[in-house]
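Across the two complexes that follow, subunit A remains constant while its partner is subunit B and subsequently subunit C.
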Partner chain A sequence: MSFDLVRTELTQILTDKSASVVEITPDTVLLNGPLDIDSLDLATLVVTLEEVTGLQPFREGFVLFHTAGELGALFTKAAG
Partner chain B sequence: MSLSLDARFELIEGGQVFTAADLRARAETTTSLAIAEGDQPVADLIAALIATQANGTDLFVQRNFSADIPVPDQSGRVWLQTSGTTGTPKWAGHDLAKLTQKIAAGSGAKARWLLTYHPFSFAGVQVVLSALIGGHTLIAPPLNASVGDMAVLAEVTQPTHISGTPTFWRAFLMAAPDLDLKGVTLGGEATDQGLLDALRTRFPNAHIRHIYATTEAGVVFTVSDGKAGFPAAWLNDTLAITEHNTLNVDGRDTNDAVIIDDDRVLFRGRLDSMVNIGGVKVFPEEVEAYLLTCPVVRDVRISARPNPITGHILTAEIALDLSADEGEVRAQIKAHINALPRAQRPVSLAFVAAIPYGETGKKSRAAS
Partner chain C sequence: MSKWVIVSGVSRGLGHAITMDLLAAGYGVAGCSTTLSDEVKALQSEFGSRFFWQATDMGDSDAIEAFVATSIAHSGTPPWGVVNNAGMSVEGILSTLPLADIERVLQVNLTGAIALTRAALRRMMRTRKPGRIINISSITGSRGYTGLSAYAASKAGMDGFGRALSREVGRLGITVNSIAPGYMKTALSAGLDDKQLDQIVRRTPLNRLCELSDITPLVRFLLSDEAAFITGQTLTVDGGLTS
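Right, the complex of A and B next:
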C-alpha cells in the first residue's frame, strides 16, 4: 500500500471534521503533531484503511507507530 | 480516619501549586458539592473531600450537569455519577472508608502522578485519593485536555507515575513525550501483549502493572509480570470461570469472556454485546435503536470492529427505506449519527439490501 492512500484518507478525515488541512508527508506525526486529530479520529483512519485495502496489520494486537509513513509501512508489511 | 491527608502532598493545577495546608484552608469555605468546571476543579474536589471527611456530610461530585442532585441522606458518603451511555447519569454513593481502604500511606518515596482520568470519575477519584494519602505530587491537566495536551504537560512537569486506560497509553506512546517513568498502570479495559511490550521498550525503568476491577468488587487483582491476562493459578472460589467461559468474581458473573491458554487466563471480549471504545462502554443495540429513528433507515446492524487505537470502533450496515436514494441520504444519516456521543458513532456506513438474521431471529453480531 502506498503512503498516498494514508494521505488521501487522512485528508478526508480532516475535511470531514472541518479541521485545517495541512500538508501531510511520511514524516508527519499523527498524534500530538501538526494535525488536529485525536484517538477516535486515528481509529477511524485505521478502520478506513483496513476496509479499503482488506489488510489487517493489527490482527495480533497493538504495534507502535508515530508517523503517517510508519502507518503506511505497517499496511505494506501486512500485504506481504 | 479514612482520609489522612499527608503533609507532603502537593497539587499542580492550572500552573499553580497547592500545598496540603492550602487545600485544608480551601476546605474551610467549601460546600458539599464539587462541580466539574472552573480553572481548579481538582483543588475544589480535594477541598470538598477534606470537608466531607471533617463534617461527615455527603459530597456530590457533579460531572454531568444534566443530572439532578439527589437529596443528601447525611451518610457521609461520596456520590459519583456513573457514565451512562444514554439517558441521565445515575448517582452511586461510596463510603470514603471503602474508597480509601486499599491505599497505602506514604512510605517515604515521593512520586509525581499525572492524572489522565476525568478527576470526577471513579478512576480519577481513586488517583486523587492515592496521591493525597500517599503524600505525592498530583499533576492535574485541564478538564478538556487531549492526550496530546497531556503529553506536552508531562514533558514540562516530568511525572514519575502515570495510570491510564490502554487507549490512553497507545495514544500517549504515539505522542512520544520525553519521559522516564518509574510506574506505569493500566486499567479500565483489557490489555493486549503488544501494548505491554511497547510500554516495556519505551519505559525500561518502569514497574508496569495492569489492574482488573469491577464496579461492584472494586480492584480484583493487579498483574505485574508484563504479560497479558493473569496466571491461571490465581483462580479460586471467588475468582472462577463459569460454564459459559466468563469470569465470575465473588459469585457475580462479570460477562467478561476468558480462555485458558497454558497457565494463563486471557480476556476475549464480552459475553454480552457491550464493547469498550476508548474507555467508554457502548452497547451496539442502543446505537441500532437510535439509527432506526432516522426515517430513511429501514434496518441496521451495528458491529464492533477491533481497533489498535481505541480497542474497538463501531461500523454500520444499513438497509435503506426502498424509496430512498443512497447518494441523497448519506449526508442525512451522517448528520443523524453526529448527534450521538463520539464513541457511539459508527465510523463507516455500508449500504446493504437487507440485514441477515440468524436462525434464532437475532441479528448475527460476530465478535470480530
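Right, the complex of A and C next:
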C-alpha cells in the first residue's frame, strides 16, 4: 500500500517537472539513479507522503533510505 | 481567489501595518499574535473572512504548526507568501541579561520564524508554484547596537537563514528575502530613550526615524510578481544610517 503511494506521488512529481517517467519498482533507487529527481524533489515527495498519510516516519530523526521500496516501508512501519 | 499571505505578529506596530496594507491591496491575510488586540478586532470587523487570526505563541512550534494548518483550512489554499514579522526584544548589557530572556528572544525571533516558514513551505512546495518568504530583520543584525546583543543575534540569524533557504527553494520559484528597517519608534524600540533616538536621527542622512510606511510598500513589492528575480537579499531601509 505504501509503495503504491510512493509510486503514485513520485510519478506525479516527475510529470509536474516534465521529466521522463520510467517504471518505478520497489528497487528503484531514488537519488542518483534512473529518475530525474534531485534532493528538493525528494523532500517534496516525503512532505507530500507525510501530508497524505498523516504519518511522520522522520519525527525522531532522519532515517537513511535509498529505494522507493525502502521509503514505502518506513511509512508502513510508522503506521504501526 | 485572493492570494493568501501568512503574517506573524499582527497585533500592533509593523505587523499590523503590513496586514492593513496587504488587505487593502486585495490579499487575504492569515495573521497570528499572542494577544487579540483592538487593532486585530478592527481588522476582523472590517475585512471579514479575508482576514484570519489565531492566537499563537511564536515560542511554541506545535502552536505554529496548528496555526498554519488552521489558516490553510480557512483560506482553502496554500499560502502565497509568509512574512516573518513577530519579534520581541530584550535590552541590557549581556553579562547581566538573564539566560532565560536570551533564550526566549532567540526562540521567538529566530526559531519561531524558521518553524513558521517550515510549516508553510511544506504546503507551498507541494503546489510546485512560486512563492515568497519575507523576513523582517533589523539593521542591528549587521551593525549591532549596545544593549541589543541577543536581539541582534536573532536578526543576523534570520538573515543567514534567508540566504541559505533562498538557495534551497529557488528552483521552485520561491524567493526569500530580508527587510532590515532602521530604528523605528514602536513598542519594540521602547528600550531606546529619547536621547538615543535623537542621536540616531542626527546620524541619519535623511534626518528622521524609520516609519511604518517606509516598510509596508517594500513588503508589498517583494510579494508581487515583479519581484520574482530578487532573492537571498537583505534590503536595508534606514534613511542611509548604515551607508
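We take it that the second predicted complex is superposed on the first by the 79 of 80 C-alpha atoms of A that agree within 3 Å, B and C clash if a C-alpha of one lies under 4 Å from a C-alpha of the other, contacts with A are read in each partner's own complex, and residues count from 1 in each chain.
Rule of thumb we're sticking to: a residue touches a chain if its C-beta (ideal position, glycine included) is under 8 Å from a C-beta of that chain, and two chains touch if they have at least 3 such contacts.
All values reported here derive from a predicted model rather than from experimental measurement.
More subunit A residues lie in contact with B than with the other chain of the pair subunit B and subunit C.
By the touch criterion stated above, A:F65 is placed in contact with subunit B alone, subunit C being left untouched.
Contacts of A:K17 after superposition: subunit C is touched, whereas subunit B is not reached. When the two complexes are overlaid on their common chain A, residue A:T44 makes contact with subunit B and with subunit C alike.
Touched by subunit B in one complex and by subunit C in the other are residues 40, 43-44, 47-48, 50-51 of subunit A. Residues of subunit A that touch subunit C in their complex: 16-17, 40, 43-44, 47-48, 50-51. Residue ranges of subunit B in contact with subunit A, taken from their complex: 146-148, 151-152, 166-167, 170-171, 173-177, 192-195, 198, 201-202, 277-278, 305-310, 313, 315, 342-343, 347-348. Residue ranges on subunit C touching subunit A, taken from their complex, read 122-123, 125-126, 128, 168-169, 171-172. On subunit A, the positions that touch subunit B within their shared complex are 29-32, 38-40, 42-44, 46-48, 50-51, 58, 60-66.
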